[in-house]
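Right after this note come the structures.
You will see subunit A twice below: alongside subunit B first, and alongside subunit C after that.
Right, the complex of A and B next:
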């Protein structure tokens, strides 16, 4: 600790910290543009010049290390003169277009010019003009002349997003921020550059000119997308969400949010929104009031329960629904005598059901990821599935941690990866067994008998050696590993691997409320009435389905099977915010409110329950799903459905439990069995869920749908496979799975393992295909 | 002495004569009553009457939809919606002034960075119903188009004081 004096205030600050840090501690504000606490120091804006006693010239506070006994003056004559001078220089080329600038009213340059600038400009010459460039559908660079070259966006790309997509070309007055020739900014975190830009040079394209900052009211919410549960501020104008920005929460999302969190709000205002309850009568859709619609649902369910038995009623919900909704859904189903309720729509292995110690979770607090020094990431499209968790791992790797990957695809993680083993889906388990065996040898521990026979390869030894040398090991199971047909076995091996190196293991939660859904009991094995899991409900079609926010053609592990089950059902009740494919097979459509229009709770992947309130009123006749379920409960005479608020539901569902002892990944009572059934000749499907197809909301976010990540998925094959088939990149091919086939273009991807074909799931172009894992054949179309 | 004076004044109708003298003076003095609407009083170039939206000489509307007037309006009489026009410029899609709310303070004119919204010398506008006093963008532009010469002259006259 060193002592330093700032404007007469004595502060103690850490060795190696800067004058800016010390000033921050002392509560003294020093104006700045290029400095940002999460980015490296570049000291190029010069706005933070301060006077340091015994220094001949003013020094930049952000880049001057604090030293013992230093005396700093931020408001002395010299400092003020320097700040005024810098401000004048910065304003030389800055256009005076604040009235039409989207940043106007929340602009750092505007604020600081008010506080530190002169009243008039002495500059009468021509101002610099920078031509606008196209850098994609999310960030507008139409007014690059506003740029003050702070390079925050450049540093963000390099340091946080992991890829330098924007750079500064040329020198002095010709310096410009630009992307590489004709390329766009495609990072899944790119929207943060808009927040970082202290002026209006990088602005949000979807938001462009829709509102001024002072017209917006700011309401806190929680991201309904990935498992992280980023804290959001919804900016509301005229009862519409006009934009979304992050709320800083160091333990969850730091000060970032992913583009999915930021731009998905467009889906809230989509023209596809369902506005009134609808009933299908004689093959035609009729808009009705809530009362007859709910009456119709209650009667239908009562009839089916009476004639076929309650076990013929099934409910599927997405884990993007709130805790309250899921809790009431399962309570309703169990109340009428059916245990068929599940949220694990894309899961295919249910052998660990009821044998896990608690809700599958991350196994550690999110913030601990930064402290880990060895990672083993199993089966995860990390960047696309968990943009901000990937960012945390990237930061850890930067601090010296090493990442190891076992996966079926080799996507660029934009960070150095120490070792990777890219294998076909059916070899993943074997590969993990190899790692475990090698690790046991490394640690001189006993090798479990079940895996003693595996032959250990070089890649596995490298991974094991790497893990063995770590102090803080984190083994993380991605979405792909959770959806894998041997998910339970993968988890068992992961547990053993983590145990051998005294590390922790856990699941990267697929959705905002994956943990919450489990805690709410929206699983067939919870509670007193047990039933069928998601796969069984479709394999043995039920007579009635209640779908909560589910789009079966896109959200299910096997969309083909799901659709035929829906079509065969006597009654399908769809609770959805959107009109969608359900118009074909549903009998009732109930408009429910998305996350911005309802109060609720999401329990994120680290088991953090975050409640939020509705930011805007539900659109037209839409109603929060918990209210709909409550009334359904009353109509069906299920007891205990007299809630007045969602908080009462939450209190009943969450209050009695302390979350910590309800979380648990340990699986007991399942024997290790690494045998893999050989499922015939053909190519094994490797399927990811594209980042902007993952849930109903992002699918309707217009701008996200125009990005490269939302392009129609290609079939990816490795080069030798393509040669065998005689096709080239860009050719149309027919992909068949079982008796279903679709036509897609083919793309070469040499990092795919032999015998694998990558075909995305969750996208309308591939919705006709079968399960996410399985055998496919590809032929020239 | 004073008391005696008062006493005589009360029955000699002194006050009445004094009042009649004033009446008589005005009877023969020069008349100042204006015969509205045939005659009108002179106006300052800063007169704050009916609002108008101005255009540039090339016919382009001045307003850029910055919404400063909406923000500054103490009576909340202004309502603006903005969108990007096909040529990429920021333009209003809606610009309404509710003249029944307006208090003619002139803040809108003062806040406007492009002199788009102005208050003209017109004060004898009317409407047959309340709704007629809800001025929309085309109406405001029409006022501006009709009176642009006068508006420009008034701004020029005021410019040296601004």
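Right, the complex of A and C next:
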């Protein structure tokens, strides 16, 4: 520790820290633009000049290492003169038109100019003009002339997003921030550059000129998308969410959010919003009041329970629903005698049901990812499924950790990967068994009998050696591994691999409330009434379905099967914020509130329960789903449905504050059965869920839907496969699975394993197809 | 695509740097491109980026930062005249004026036959020979007079 003095305050700071760090500790504010605690130091704005005793000239606080006995003055005559001078220089080229600038009112330059600048400028000459660049649908550069070249956006790309899409071309007065030949900025974290920009040079394209910052009220919330549970501030104007920005929480999202979290709010104000309850009468949709709609639902359910039996009623919910909603949904269903309730819509292997110690979770706090030194990421489209968790792994790798990948696709993770084994889906289990066997050899442990027969390949040995050399090993199961038909066995091997290297293992939660949904009991094996899982409910069609936020053609593992079950059902009740495809097959549409219009709780992938309040009033006749379910409970005479608040529901469902004893990945009683050779016939489907197709809200976020990531998915094949089929990149091909086929464009992707074809799921273009895994055929269209 | 010759030159350059620091060779790589093609297009930048495993934008930053890289076709022979202080005091303006009349082009332009390009440059660190210009960034010609310029142009015209 070093002792230094800042403005007369003594402060202790760590060896190697800067004067800026020490000032933070001492609670002294030093103005700055280019400095950001999460980015490297560039010291180019010079705003943080301070006087250091015995130094001949003012020094930049952000780049000056603190030294023992240093005396710093941030308000001395010299420091003030330096700051005033820098400010005057910065304003030479900056347009002084704050009243019409989108950043006005929340601009660092504006604030600091007020605090540290002079009253007027001596510069009367012409100002520099920088032409706007087209860099995509999310970030506007229309006022590039405002740029003060702090390069925060450039450093963010290089250091956090992992890809340098913006750079500073030219030099001196001609320096400009731009992308390479007007290419778009496609990073899934790009929106953070808008927050980082201290001036109005990079602004949010969807938000521009829709509100002034002082008109907005700020309401805290939690992201409803990926499993991280990023903390958000919803900025509200006229009872509408006008934009979303991050709330800093070092343990969860640090100070970032993904573009999905940031721009999905456009879906909240989508014209597709369902605003009144609707009932289908004689094939026509009629808008009705809540009371008759709910009566209709209650009567219908009562009738079906009476005639066919309660086991003919099934409920499916997305894990993007809140804890309270899911808790009441399962309570309602169990109350009327059915255990058919599930949130694991894209899962296909349910063999671990009831055999897992608790809710499948990350297996460690999110923040511990940064401390791990070896990773084994199994079956994950990491960057697109978990943008910020990927970012944490990227930071860990930068600090010296090494990442190993076992997956069926080889997308660029924008970080160095030590070893990878890219195999067809049906070889994943075998590959993990190889890793385990090699690791056992490495650690001189006994090889489990079930896997003794596998032949260990070089890639597996490399991964095993790498893992064996680690002190803090993290084995992470991605969405693909969880959706895999052998998910339970994959998890079991992951557990054993982690155990051999004394590491931890866990699931990267697919959705905001994947853990919470399990804890709420929205699974068929929880509670006293047991029932069918999501796959069984469709394989053996039920007479009535309750869909909570589900769009079956996009959200299910097998949309083909799901749709035929929906069409055949006597009654489909859709609780959704949107009018959607359900108009074709549903009988009742109940408008429920999205996350911004209801109070609720999401339990993120590390088991952190985060409650939030509604930021705006529900749109028109929409109501929070927990209230709808409560009334349904009352109408169906289910006992214990007299909640006044969502907090009361939460208190009943999540009675303890600590969830530690309810989380548990350990699986017992599942046998490992490894096929030693691939079955060889046909092409195996590898399916990702595209980042902007993953849930109902983001599907309706207009700007995100215009980005590169939301483009209609292509069929990907490796070169030799394409040669066999006689097709070339850009050709149209017919992709068939089950009894349906769709026409898509083919794209070459040589990193795909032999015998695999990548066709995205969750997208309207592929919704007609069958299961996310399985055999499909591709032919020339 | 970078030509085989350029690739070979870059590979030789790469031996000077640690294996994981390939981007250290970016300036040389751009120089090789310019030596062969006379200028560096954005396609070339993107090829260099791919070859060295760096971001395209990072290559563009380097290419646009340094004045000696030509970002548009500059003719077979590019003459870069220093117009900084020492050269100006010794008559750089006359040098420029004379070159303009002889070649019939302005600064930053190329003759119609594509033979000559004329650029303005910064101090080349040889002020004792002012006024001066360089030919294709390789050959320094100092103590220029109209006669000497004519002589150099005639020589270049022949080659």
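Note that in this section the second predicted complex is superposed on the first by the 773 of 781 C-alpha atoms of A that agree within 3 Å, B and C clash if a C-alpha of one lies under 4 Å from a C-alpha of the other, contacts with A are read in each partner's own complex, and residues count from 1 in each chain.
The criterion applied here is as follows: contacts are C-beta pairs under 8 Å (C-beta built on N, C-alpha and C of every residue); 3 or more make two chains touch, one makes a residue touch a chain.
Just so it is clear, the structure is predicted and the values come from calculations on it, not from any experiment.
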{"item": "Partners on subunit A (subunit B, subunit C) - clash or fit", "value": "fit"}
{"item": "Touched subunit A residues, subunit B compared with subunit C", "value": "C"}
{"item": "Subunit B versus subunit C as contact partner of A:617, first or second or both or neither", "value": "neither"}
{"item": "Partner chain in contact with A:180 - subunit B first, subunit C second, else both or neither", "value": "second"}
{"item": "Contacts of A:355 with subunit B and subunit C, given as first, second, both or neither", "value": "neither"}
{"item": "Partner chain(s) touched by A:84 [first = subunit B, second = subunit C, both, neither]", "value": "neither"}
{"item": "Partner chain in contact with A:218 - subunit B first, subunit C second, else both or neither", "value": "neither"}
{"item": "Subunit B versus subunit C as contact partner of A:724, first or second or both or neither", "value": "neither"}
{"item": "Touched partner set for A:170, first subunit B, second subunit C, both or neither", "value": "second"}
{"item": "C-alpha centroid angle, subunit C to subunit B via subunit A, nearest 10°", "value": "80"}
{"item": "Touched partner set for A:100, first subunit B, second subunit C, both or neither", "value": "first"}
{"item": "Least Cα gap, in Å, left between subunit B and subunit C after the two complexes are fitted on chain A", "value": "28"}
{"item": "Shared contact residues on subunit A - subunit B and subunit C", "value": "none"}
{"item": "Touch list for subunit C against partner subunit A, complex", "value": "42, 45-46, 55-58, 60-61, 64-65"}
{"item": "Of all residues in subunit B, those that touch subunit A in their complex", "value": "64-68, 71, 82-84, 88-90, 113-114"}
{"item": "Interface residues, subunit A side, partner subunit B - complex", "value": "98-100, 104, 142, 208-210, 212, 214-215"}
{"item": "Of all residues in subunit A, those that touch subunit C in their complex", "value": "158, 163-171, 178-181, 183"}
